[in-house]
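As written, the chains take the letters A, B, C, D and E, and residue 1 is the first residue of each chain.
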Amino acid sequence: MIKLNRITKNGRAFFLAYDQGLEHGPEDFNDKNVNPKYIIDIAKKGGYTGIIFQKGIAEKYNKEIKKSKIPLIVKLNGKTNLFKGEPIARQLCTVKEAIKLGAAAVGYTIYLGSDYEDEMLHEFEKIQREAHLKGLPVIVWAYPRGKSVKNKSKTKLMSYAARTGLEIGADIIKISYKGNISDLKWAVKSAGKTKIVIAGGIKKNEKELLNQIKEIMKAGCIGVAIGRNIWQSKNPLEITRKIKKIILK
Amino acid sequence: MIKLNRITKNGRAFFLAYDQGLEHGPEDFNDKNVNPKYIIDIAKKGGYTGIIFQKGIAEKYNKEIKKSKIPLIVKLNGKTNLFKGEPIARQLCTVKEAIKLGAAAVGYTIYLGSDYEDEMLHEFEKIQREAHLKGLPVIVWAYPRGKSVKNKSKTKLMSYAARTGLEIGADIIKISYKGNISDLKWAVKSAGKTKIVIAGGIKKNEKELLNQIKEIMKAGCIGVAIGRNIWQSKNPLEITRKIKKIILK
Amino acid sequence: MIKLNRITKNGRAFFLAYDQGLEHGPEDFNDKNVNPKYIIDIAKKGGYTGIIFQKGIAEKYNKEIKKSKIPLIVKLNGKTNLFKGEPIARQLCTVKEAIKLGAAAVGYTIYLGSDYEDEMLHEFEKIQREAHLKGLPVIVWAYPRGKSVKNKSKTKLMSYAARTGLEIGADIIKISYKGNISDLKWAVKSAGKTKIVIAGGIKKNEKELLNQIKEIMKAGCIGVAIGRNIWQSKNPLEITRKIKKIILK
Amino acid sequence: MIKLNRITKNGRAFFLAYDQGLEHGPEDFNDKNVNPKYIIDIAKKGGYTGIIFQKGIAEKYNKEIKKSKIPLIVKLNGKTNLFKGEPIARQLCTVKEAIKLGAAAVGYTIYLGSDYEDEMLHEFEKIQREAHLKGLPVIVWAYPRGKSVKNKSKTKLMSYAARTGLEIGADIIKISYKGNISDLKWAVKSAGKTKIVIAGGIKKNEKELLNQIKEIMKAGCIGVAIGRNIWQSKNPLEITRKIKKIILK
Amino acid sequence: MIKLNRITKNGRAFFLAYDQGLEHGPEDFNDKNVNPKYIIDIAKKGGYTGIIFQKGIAEKYNKEIKKSKIPLIVKLNGKTNLFKGEPIARQLCTVKEAIKLGAAAVGYTIYLGSDYEDEMLHEFEKIQREAHLKGLPVIVWAYPRGKSVKNKSKTKLMSYAARTGLEIGADIIKISYKGNISDLKWAVKSAGKTKIVIAGGIKKNEKELLNQIKEIMKAGCIGVAIGRNIWQSKNPLEITRKIKKIILK
């Protein structure tokens, strides 16, 4: 079985996510956090167990990333939020390329329920196979999305997403937390040996965020992949320290 | 001709199916049967002639599977039930990968009559060829599905599905039992040298289930691929024992 | 130029077609002719110059086929009749695989005028090239089909189909006979050095059938590819003998 | 740069086109010209600088073509006129295969403005590259077609087609003559170092045809690719002689 | 990191764009500038740091290009403006081919927000990877286009396009300047280590153009990729000289 130790600490995952530039455009950014170096700096000082970039940033800021010694997680697919039809994100980086860039793990998004679900599940197969051949963990961003899932229970979709990760061979599955702690516990159970990290999502107030993370850890998740709540914060290292205390102990 | 002896006993097949996690989500599960280990344990104690998993479970629970000595059948394609359009399930595991995982056979679903029938039939060609090259039996889940077949006779579709299995080179075809015993006999005849196993389907009361299995065997099928009726049962080993008595004798 | 002598006798072709199981389902069959062995037996005793199977039957009944010494023609694509949209039949067997099965020729259906005509013409290119590289004749089932050809003259479509066979490199083209003998003569001329065999089609009374075959031969076709009119007959060998007398002389 | 001398004489091109059998069906033909040998004979006696066939004819009549010594131009894609949707013609012969058949050049049609323009431009890339690697000239049939171009100026489309030929790397571009001589001169200029030949189109009276060809040559085109006006003529060699006088001098 | 020195001077880029023949047809041209040699001559005398051609021109005018010593930038995809549906431009030249033609860089257009965004992003991945393997810089033409982006803020789209270039691994991104200088500064920041050049667009009066270029440079762009404003000018070298003074200093 693929080992997660390069991107976890005592089995816990604390990832700094920064693939929003492609997914949402620079609207999420300000003058500071628009700069990948600022993010790498936070990751380094904050002691994250992984930092998530698309190929372009992983390549252009490779020296800075290597110097920081933060494990690199390369996101292998993505899309802009401009196209308004059924969501699809195709491969934008190969496993081989990610390894050349020094990746300790790779990520791939699947929009479950989308008209193009089959294409993403199928493309993922090759990526998962190649990554595991090289001993590289694979993280799946599992997001139910598209017109087919519009009126479905978010809670049920959460556990379905978690289970899908196990069935298709993900090592870690990144999902959004919907429902209460008992729903999340069920999702964790559904994922079996596949581990779960929770997406940070849009910026929340600190108290709410920290409480949520406590719940997440109680539910059996191994951590979070968090972005905006950190680098949009006025004091990213302070909030980092508080979260780290909960997750990494 | 491909030998079935690794996944049959005296020519009879008694498969424990557990690909529902991807196909239906964890809604089919409870706290016990959500865990693949529980399923492997039933398969082992119950003396099944094969256990059916998607790649992810086959990989993450490989030690447990190998230890159980239950022959592994890897399902090579699948989909969630979230997308509401014409059904398509693409390849999620290669034959080569399945062999590495220790597979004694592989499975593939074709939705006959779907808008994407041609893609699945075509994708199956490569899988069947590669599997037979390695001496691996191929099981086809043949399910007529989609708007084109909506008002067609279920009975005629059953025998058509069975025949399709023969024509495209399946070694075993897994179909749903629709109609009476004489319809099923015709399906068995239509399949020629290709063997038929019947899908268990949703949970039934025990008497009904056992009677149905008796009919199935009388009709000339070689067995069943059963899931929910076993692992949703309060006493899976008891129902297993009763079915085994009918099938394996 | 590719030699046809392995599947013809004195330049004449008398093929027993049995790909209906996939194309129409077992509805065409009864308790006897549902069994491929029954068909192989007719072919053997009747002295056919070729027998047409899909890969699955060619593989599972390979011993019986080889023993019969009837030249094997493997149909390389096919579809069910369940899907109700524009017709498409994708590759279900490779040329290499057909050769391994002992094929003396291969067949491929193209639905001319279908929305997917371009895909079939393109897929055929590879098949034709590979087959000719190995010295294997290629038979095209050329069927104008789909909404674009709905109101077109059947007669003109017949000669167009014949010509298409020549232009794309078929060695034999199998068409349906529509119109009168002079229309068919024109189709034969249009096909140039590509030979024509006529599809038997649905069961007719004997007299009508024999008269039609006489016309076919007079028009310059090299024979027929006939199925239902033989194996749905009460006395397949008797009708075979009568047709053979016309075709093979 | 690719040399055109194998398919031109003093830089002039006089091609006999005979790919209509696939594009229009045998409706264009009569008892004589339906036979490729008749066409090869005209090409030989008429002294054409090239003869255009699809793969099937190039293969089946290869001896006759070689004996005639007329340079062979293999058309690498095509379609029937049966399908009524947006036009697309996919590859039906490879460059390698064309070379094996003795081709001195290859041809490819692109329907500019069609919904499938991108697929044809993309497929052409591979063909152009492979052909040039082997020193083989590439002729593009550039036809604006489809619902997007319905109300556009034919004259502007003519020069756009010519320019496209240059931009994508064609050595010769075959277009239809629309507008007056000054429009055609502009098309010739737009094509730069890419040469232009004009398609003959449907049968015209002799005087009109010869005048048009004079204009074509004055405009700077290098010749014509003509079919129906020759082989539908009662005296093909006479009309050939008259055109040759204008083109080859 | 990929070096840009072959196509820049003191880090500044001054590219002469001439891919309009495919994108718009010869309508943009007159008797002089329709001729690639005229353009190459301007590039040479004007001292541009790069000249942009499609494969066809790069191949047919290769001697002239090499003689001019102006670095060649080969545009690897393109389309006509005839098709009226959602924009897509597929690969029309390989990286390998571009290198054979002497390219110092390659370009690729992505229509962000188009229904086919995913196909272009995915195709680009291979190009970027191959180019970087050979040390070749990659320029992305990033144009938000299609029905999904119709009512979006042009300014926000500009910075999104710039950011996308960074995320997917472009070395230079070519965008259209929309909004004011502070918007452009934000786009430059969003692009991080990826450099920005501005597209010239349709012909403007000289004063307006020069002022715009001053702004562009102040905003932190490295230069322009300009076409029509140069070669449609009555005195291309004079306007070139004025722009060069601003950009290259």
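Heads up, the rule we're going with is that a residue touches a chain if its C-beta (ideal position, glycine included) is under 8 Å from a C-beta of that chain, and two chains touch if they have at least 3 such contacts.
Being a predicted model, the structure only gives us computed values, none of them experimental.
**Student:** Which chains sit in contact with both members of the pair chain C and chain E?
**Tutor:** Common neighbours, chain C/chain E: D.
**Student:** If we look at chain A and chain D, which chains touch each of them?
**Tutor:** E
**Student:** From the C-alpha centre of chain C to that of chain D, how far is it in Å?
**Tutor:** Distance between chain centres, rounded to whole Å: 34 Å.
**Student:** Averaged over CA atoms, how far is the centre of chain B from the centre of chain D? Could you give it in whole Å?
**Tutor:** 55
**Student:** Mind pulling the residue numbers of chain D that touch at least two other chains?
**Tutor:** Not one residue of chain D touches more than one other chain, so the list is empty.
**Student:** Under the touch definition given earlier, write down the residues of chain D that touch chain E in their complex.
**Tutor:** Listed in rising order, the residues of chain D that touch chain E are 1, 112-115, 117-119, 121-122, 124-125, 128-129, 132, 144, 146-149, 152, 156-157, 159-160, 162-170, 186, 189-190, 192-194.
**Student:** State the interface residues of chain D toward chain C in the complex, per the touch definition above.
**Tutor:** 19, 21-22, 25-27, 29, 31, 34-36, 54-57, 59-62, 78-80, 82-85, 88-94, 97
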